[in-house]
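In what comes next, chain A is part of two complexes: it sits with chain B in the first one and with chain C in the second one.
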Partner chain A sequence: MSTILLIEQLLNGLQSGLMLFLMAAGLTLVFGVMGLINLAHGSLYMVGAFACAGVAAATGSFWLGLAASIAAAAAAGAIVEVAVIRRLYARDHLDQVLATFALILIFSEGTRWLYGSFPLYLNVPPSLSGSVTLPGGIQYSLFRLAIIGAGLAVAVGLFLLIGKTRIGVQVRAGEADREMIAALGVDIRRLYTLVFALGAALAGMAGALVGTIQSVQVGMGEPVLILAFVVIVIGGIGSIKGALVGALLVGLTDTMGRVLLPSIFGLFMETSAATSVGAALASMAIYILMALVLIVKPGGLFGARA
Partner chain B sequence: MSAAEVTAMPEGRGGRMTRAQIVNAALALGLIGFGLGAWAMDETFLVTLATKVAILAIAGAGLNLVLGFGGLVSFGHAAYFGLGGYASGILAHHALNYTAMFEWPFVFEGTTSMPVIWLTAMAVGALAALVIGALSLRTTGVYFIMITLAFGQMIFYFAISWPAYGGEDGLPIYVRNGFPGLNTLDPVQFFGLVCVVLFAMLGLISMLARSRFGLALQAARQNRQRLMAVGIRPGGVLLVAFVISGAITALAGALYADLNRFVSPSMLSWHLSGELLVFLILGGTGRLFAPLAGAGLYIALEHLLGGVSDHWQFFFGLLLLGVVLFARGGVIGFLAGGKRHG
Partner chain C sequence: MTGIKTGIHRETRMTRFLTTTALALSMMGTAAMAEPVKVGMITTLSGGGASLGIDTRDGFMLAVEKAGNPDLEVHIEDDQRKPEVAVQLSDEMIQSEDVDVLTGIVWSNLAMAVVPGAVRQGKFYLSTNAAPSQLAGKGCHENYFSVSYQNDNLHEAAGQYATDEGFGRMFIMAPNYPAGQDSLSGFKRFYEGEVANEVYTQLGQTDYAAEIAQIRDSGADALFFFLPGGMGISFMKQWAEAGIDMPVVGPAFSFSQDILPAIGEAAVGVKNTAQWSKDIDNEANAAFVAAFEEKYDRLPSLYAAQGYDTARLLLSAMEKADVSDADAFREALRAAEFDSVRGDFAFGPNQHPVQDIYVREVISEEGQLTNKIVATAMEDRGDAYAEECSM
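Showing the complex of A and B:
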């Protein structure tokens, strides 16, 4: 295993971790502030990807597509919040799970109705296509590098928003005591819609960026949704910092596991057996990580409550 | 839902049946009548459809034990369903290829005998539920939902990436496994066998619910502190229920594999975990017969709506949303009225 390949995979892990963070941040905010478990978060990711693909195909501009993905996902999030989610805050988790499961069916089947089952492909914008040479002579895709930069920028922006602004104060107060901030005159319904739309916008952006690397298709949000659940269970539900740490852990474990485990088993097994055992174990690595975190800290790394 | 009482059916006054008992009897007779009627009219496809309902109802009954009675929202029950299916598929695979499953520390041959397969499937399901339950029950509430979901996905991805038993392509069972004295390839005989298993499982769960253990389980849902105050550790009761639940759902998986004569990772997918939850909410959470009512309604809708539009899941999603938001209590709640307290 060459060092160059290893560093390349580290960067890939970082990139997938940051995209997971965009998903997990919205989930964890919505759970922390409104106490809601939202399975339909993956659908908003898909909405973002389809909006980007549609607008980029119509206008020829990836950047307009990216803007459209954020706007469409935020709008879809706000509409869903007002129409459905708002009625679920006072319900138990089972009702929330089932109602948002129903939303997944509606979103997925509706999208399949509109666009068909075939995957769409997005082109990397010309200004970001090709690769760059990093220090040490490593060739790395410029677009993936840009995604890492965008993910880091959003993470910093989100920490500033939650930590330094008036809205951030309200969000944190909402996590601590909902009734109290309503009594202090904050329009709690508008705050909830805003938080939900913010989470949706982040998911939509992640969908557009990842959709450009992979493909845009119905059901693309579901594997990511489950990974985002693993992330927030590891990080601790409700904690943005936990979501960031958890996302990077999961992204790196998953990527590195797939690269390293087959070659580690190859040291003492024949190649074909090592490949299959390694691949099977690599697919389980993040769940084993989650189980280990739970044994040590049932409330997650940065969670307040279990 | 959490305030609702789940108790074994109270006896009706003067020996008369309660409304809930009438609804349950109607559901049971409806399933058997539909299956036999379809057989009499030589509609093999409909017999198979009724068998599918009965099998999914067994799987739902397993989930109902922990969800309806114990209040645990497990979002990973497809894991036990799929493991049961793979137990069946793998045993039959080895028996049909005349290869031993493993030769160390003792020789373990495959088999095509259903009773052996069922016991193996239940043992595998119980063991998986023991490990997953012991880890997941360290947490409660929304953590529990996400963790059971995540462990379910872990087994799903393992099945996809492990090539020995078909990986992503699944594993066919060339000849349906046999049961002593029956021809299981005859659809109506297999249907009868599945119905016997279904009602045996529902009887078992009803008996469990009325037992000391069942009362402790329901108390664990209602108030863990009080249960601890009377000297019962809720964790132990819930774990035992989770293990029994996993075994029942695995048994259903073994039957499902035999019904389709095929096992694939889709039996492990989280969509199936969601559908099992949907059966219970459609039927009426915590009711003994909820899984049968829910599975029947779901398969009927799939069949009827599916014939009208390829996008039936869109309309089903709208319907499910409506039931969750506005019609709590499900089919049995609608037919049998509110639950009794006490």
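Showing the complex of A and C:
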């Protein structure tokens, strides 16, 4: 395998990792601050993609669509938090799983009711379509580069928000001790709605960006949700830094596994069998990674609580 | 347009006449105890693959409505693309609804879970889509008919097309599950050139950047891929973005009418193989396409055509035999005396179709993306497993 191809695959891994980070960041914040397992996070990702496709089709502008996806997902997140999630904080994790699973079904069938069962059209805006030649002669999709840029920008923004602002202080305090921060006079209900809407907005943005290069259809959120859970388990539940490192690890492991494993098996096996075995093992790679991390660090790489 | 319209009228009149005749005959025969045929349709109407099931249902019900046969009852249930749900539904339909015929399953893994049990209990199963090799070869059964194809057929036709076009080195790719492995072996069965690389992707994978980089790097002449549903949409959009100048061939599943609008212009020019296309020139097809568009306000897909043909096969058998006489009914099905929207249609020894398979090209027509036949890949193709079937 040539170096150029290897670098291209590293970029691909980085790109898929950063999109996973957008998903995982919201999930880990919600779990860390509110102690809530939100299975419906994938539905917010879907809401973002559908809002982007709908608005882009109506107005002809991808950028309006992207803005709409963030707004729609944040609004959906806030409404769901106030209407449903708020009642779940004090309850058992099993109740939370049950209720948020119900939300998945409601979101999926609601979306089908609004948009129909057929996948929607959403494509890369003309200004970002095509590919560019990077130093070293690597041809790479401009939109994917833009996604990498956007992912990095959001990551930096999120670290500044959590680390340097008043809201960030409240979020971190909320993670450490929920009762104490409420006792200090912080409006904990508003803070929760805010955190939930923020997580939803990030998921919606990821949905719109990923939907643009993949497909916009009902049920698109659930596979990503599973990966996002793997990410936060690896990174340590509640840790933004963990989510970033975990997401990049998962993105790179997944991409490199898919490319390298079949060719490694090809060294000592017949091609057909090697691709089949390699592909099967590649689909397990991230779960093996998760198992290894948990053996070494049961609380995840940056877990606050073991 | 007038030609099509008179076609419909003539056909409706014809069907009405036949229905009345059949009705009268059956009344004479059974002393006014005409037994209705109960059909249980299990198909995917919610979740990821719902568009396929919806088209199957709509095509099937269009034929049922057009025929207006009061002796046909159809129960429709949603399998949610889950094998366990499909099994539960078929048990319910067989035990409490007492259906005579089951149909509608889209996915091979669901078909494998339902069909063997259903046909063993003496029910007929007419496949509108899924036709795994296990049910075509050693596992064939006298009560099982595939009206669509055998799963390998479209891939075989793609292999034949690649050979005919003289593609010397092909990059081939499919998801890592039984139908994906069958796809690549079906392709290789008729492809005489060299395989540059074969890649198995994950089932449900949506990002293909890694594979596209490998394809670019492989220096192959052309690409063959089988990625049904959302996987195909994702791949084609990313493929177009990558700007690789390489011919693409695949089975119709990634380019059928239900998902073409979601892929957009990226699909134009792609060659895909199918046993049906909306431009096949015969009266039955013209009537079907016009009636489908009028009723549902969209173009029919391959799945709709398969559903429609299945219902018409069933109706043709109902006119000739009573379902309570299983042997006679089976013979009537086997005769396949209906005007298929595909033109020539017959069953082979294992009750899978023997039919022509075409190469279609995705075109943009009146602002809509659709397919147009450009060549015939295989004529009167049966399948590779018929010999293993002892029936």
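We adopt the following convention: the second predicted complex is superposed on the first by the 306 of 306 C-alpha atoms of A that agree within 3 Å, B and C clash if a C-alpha of one lies under 4 Å from a C-alpha of the other, contacts with A are read in each partner's own complex, and residues count from 1 in each chain.
The working rule: contacts are C-beta pairs under 8 Å (C-beta built on N, C-alpha and C of every residue); 3 or more make two chains touch, one makes a residue touch a chain.
It should be emphasised that the depicted structure is a prediction, and the values quoted were computed from it without experimental measurement.
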| request: Judging by the criteria at the top, classify the pair chain B and chain C on chain A as clash or fit. | output: clash
| message | I'd like to know which partner A:L261 touches here: chain B for first, chain C for second, both or neither. | response | neither
| Does chain B (first) or chain C (second) touch A:Q15, or do both, or does neither? | second
| query | Of the two partner chains, chain B (first) and chain C (second), which one does A:V84 touch, if any: first, second, both, or neither? | reply | first
| query | If you stack the two complexes on chain A, which partner ends up touching A:S276: first (chain B), second (chain C), both, or neither? | reply | both
| message | Is A:A247 touching anything from chain B or chain C once the two structures are fitted on A? First, second, both or neither. | response | neither
| message | Tell me the contact category for A:A201 with respect to chain B and chain C: first, second, both or neither. | response | neither
| task | Using the superposition on chain A described above, determine whether A:E109 touches chain B (first), chain C (second), both, or neither. | result | both
| said: Pick the chain C stretch that clashes with chain B in the superposition, from 2-10, 38-46 or 92-100. | reply: 92-100
| Residues of chain A at both interfaces, chain B in one complex, chain C in the other | 108-109, 112, 276, 279-280, 282-283
| Complex contact set, residues of chain C against chain A | 45-48, 50-51, 54, 176, 181, 195, 197-202, 204, 206-207, 209-211, 213-214, 216-217, 230, 233-234, 237-238, 241-243, 258-259, 261-264, 266
| Which of the residues in chain B come into contact with chain A in the complex? | 1-2, 67, 73, 75, 135, 138-143, 145-147, 149-151, 153-154, 157-158, 160-164, 270, 274, 277-278, 281, 285, 311, 313-314, 316-318, 320-321, 324-325, 328
| request: In the complex, go through chain A and note every residue touching chain C. | output: 1-2, 5, 8-9, 12, 15-16, 108-109, 112, 117-121, 123-124, 129-131, 139, 141, 143-144, 210, 212-220, 223, 255, 258-259, 262, 271-272, 275-276, 278-280, 282-283
| request: In the complex, go through chain A and note every residue touching chain B. | output: 31, 37, 84, 87-88, 92-95, 97-99, 101-106, 108-110, 112-113, 222, 226, 229-230, 232-233, 237, 276, 279-280, 282-284, 287-288, 290-291, 294-295, 298-300, 306
